[in-house]
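Pasting the structures here.
Look for chain A in each of the two complexes below; its partner is chain B in the first and chain C in the second.
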Partner chain A sequence: MRDKILYIIGAVALILLARDMYLITGFPAEANQGAIFKIIFFHVPMAITALTCAMVAFVASILFLITKNFQYDALAVAVTEVGLAFLAGNLITGSIWGRVAWGIWWAWDARLTSALVCWLLYAGYLMLRNAIEEPTQRATFAAVFSIFAFIDVPIVIFSIKWWRTQHPQPVFWGGGSFPPDWSAVFGWQMLAILLVGVVFTAVRLRQEQFQREIDSLRRMAHAL
Partner chain B sequence: MYALMLLQASADDAVLREMERLQRNFTFLNSGLWVAWLILVVYVLMMVSRERKLKREIAGLKAMLEDKPRS
Partner chain C sequence: MAFVRQVLVIMAKDLRAELRTKEAINASLSFALVVLLLFSFAFDPSEETTREISGGLLWIVFAFAGTLLLNRSFARELNNDCLDALISAPISGAALFLGKALANYVLVLAVELIALPLFGVFYNVRWTSQFWQLMMVIALATWGMTVTGTMFSALTVNIRLREVMLPILNFPILIPALLGAMQLTSALVAGKPIAADNDAWLKMLIGFDVMYTAVSVFLVETVLVGG
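Take a look at the complex of A and B:
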């Protein structure tokens, strides 16, 4: 039943992504930036999905430390890994946009640097988990690290407001606007990428359950 | 006549430059969209291979546990 729901969500996300791609290619080029502006339809939803994953990981880590329930630890690792993939997509698509708009692949400004630091912190979280064998210790250390890493998330979000950055102000939150049909497609694209994130998280969560099953089977094998 | 030819040449240059800029813009947009899709596909493939590995490991451990009590 759970698998069926996942397949349905995945199919809806794929249909929406394909439909959005068709509509996006039909949009005219933006007056100043040209066609490269359309990368925003992937760049921003990927960033929002990644930061949502970081938020969920933060809450799950706190809940794990309070309850010591390993379901929360599994959720934290699942969303962190999925968020890392989306943040990588966000950083790379942003870099490609920067090459056209700014003439450079990368600028060490507050938004870009804090986003890169965020990616490195969560990559460190996954490395830390691989380095610790004992499951309870691994989950506890990882939860503390995840809470610490989350400090960077508000810095990523508000960096463009707090400091003068080369990164543009956001379209919706910085006084700009889209034509209505672009806004609608952007909304659907946001939903599609969030749904992809949900499917990835659910699959990754199931893998964590498999991992726990392996841990318990190993304990049984040692005991015999 | 010469001035007219010069004007024509500079207009052609401007059109060519604009076409190059648009072409470059499309090339980068194309690569950006490919990268975005590629990351998602690579991640899916990584998850599929991990799931297979985990299932193999579970099957191996279960087989080992079934054999052990007999021996």
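Take a look at the complex of A and C:
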């Protein structure tokens, strides 16, 4: 049953992605930037998916500390890994855009820097997990660190924003605007990439559960 | 009142243990000196260029040297299972944490206050013109560094690669605080007092300190018992 739901979500995401890709290639090039502007259809949804992942990880970590239910720990690690992958995608697409629009791969601009800091924060989370053997300790310490990291995200974003900014003002909520038919495609694209995130997380979650089962079987074998 | 006394007892114990052996503070001080020396090779230590980046240099030295001290904070208790004894002592985890954090705070501040005049001498920087505001910035940013550092010291005490994990966890979390401290310190060392254009950093530092102190005190029991 769960498998089927997962396959259906995956198929929907794929169909949406294919459809959006077809429509996006049909759009005219943007007046100032040309075709490279279309990377926004991947760049921004990836950032939003990564942020959603961070939020889910935060909530799952709190729930783990309250309930001590390892399901939440598995969810936290699954969603953090997927979020890191999406944030990496966001950084890479941004870098490609920057090479064309600014002529450089990387600028120490506010948004780029804070995205990189967030990436490092959550990479630290995974490293911390790797360094701890005992499952209860690993889950507890990782949850505490995840809470610390999530609190840091807004402080990082605002402090680096005061520091300097050269990133184009956000197209959404920042003065720019899309033609209406672009907005619709953007919405669908957002949904498609979020669904990809959901599928990845579910697969990773399952791996985590199998891992726990294997561990407990191994312990049982040792006990015998 | 009992809580305050417990905090002070833990703090006095840690300071006494450190001052008798002086192992961490000596290591931290000599490390700070080595890094200060290395900077002179990295760029031309003439006055104008140094002033502009002095805040950044100082806080890199402080953060590295502080990490050496913070690493020892809980690791010191591993011998003879002292950590288990402390956890099972009839005091709250928050008292244990705050006591240790305060002891670390005193030690890190001591290293910083020795490194600062040395920096002034070596790089010919007259850093005393805004003395009290500079002290305030150092006090605030160091507390932020100490409170998260002590928490992560407790988090990493029992794990593999302890010495490496602490900076990997602590520095990214600290980036806003260090960034604010660097900006303010550069301005203050150049003789400009904190004004309307940079007092947002000061507020951010205060907010950082308050928030992380609260979260740490709230979560430390989980870390100590859950380990």
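We take it that the second predicted complex is superposed on the first by the 213 of 224 C-alpha atoms of A that agree within 3 Å, B and C clash if a C-alpha of one lies under 4 Å from a C-alpha of the other, contacts with A are read in each partner's own complex, and residues count from 1 in each chain.
The rule is simple: a contact is a pair of C-beta atoms (placed from the backbone, for glycine too) under 8 Å apart; a residue touches a chain by one contact, two chains touch by 3 or more.
Model, not experiment: these values are computed from the prediction.
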Query = Once the shared chain is lined up, is A:205 touching chain B (first), chain C (second), both, or neither of them?
reply = neither
Inquiry  = With both complexes overlaid on chain A, does A:194 touch chain B (first), chain C (second), both or neither?
reply    = neither
Inquiry  = For A:213, using the defined touch cut-off, is the partner it touches chain B, chain C, both, or neither? Pick first, second, both or neither.
reply    = first
Task = Check whether A:12 is in contact with chain B, with chain C, with both or with neither, and answer first, second, both or neither.
result = neither
Request  = Could you tell me if A:34 is touching chain B, chain C, both of them or neither one (first, second, both, neither)?
outcome  = first
Task = For A:136, select first, second, both or neither according to whether it touches chain B, chain C, the two together, or no partner.
result = second
Between chain B and chain C, more extensive residue contact with chain A = B
Message = Residues of chain A that sit at the chain B interface in one complex and at the chain C interface in the other, please.
response = none
Message = Could you list, by residue number, the parts of chain A that touch chain B in their complex?
response = 21, 29, 33-36, 38-39, 42, 46, 82, 85, 88-89, 92-93, 96-97, 99-100, 196, 200, 203-204, 206-207, 210-211, 213-214, 217-218, 220-221, 224
Request  = Spell out the residues on chain A that touch chain C in their complex, using ranges where they run on.
outcome  = 65, 117, 120-121, 124, 127-128, 131-133, 136-137, 140-141, 144-145, 147-149, 151-152, 155-156, 158-160, 162-163
Request  = Show which residues of chain C lie in contact with chain A when the two form their complex.
outcome  = 148, 151-152, 155-156, 158-161, 165, 168-169, 172-173, 175-176, 179-180, 183, 200-201, 204, 207-208, 211-212, 215, 219, 222-223, 226-227
Touch list for chain B against partner chain A, complex = 21-22, 24-26, 28-29, 31-33, 35-36, 39-40, 43-44, 47, 50-51, 54-55, 57-58, 61-62, 64-65, 68-69
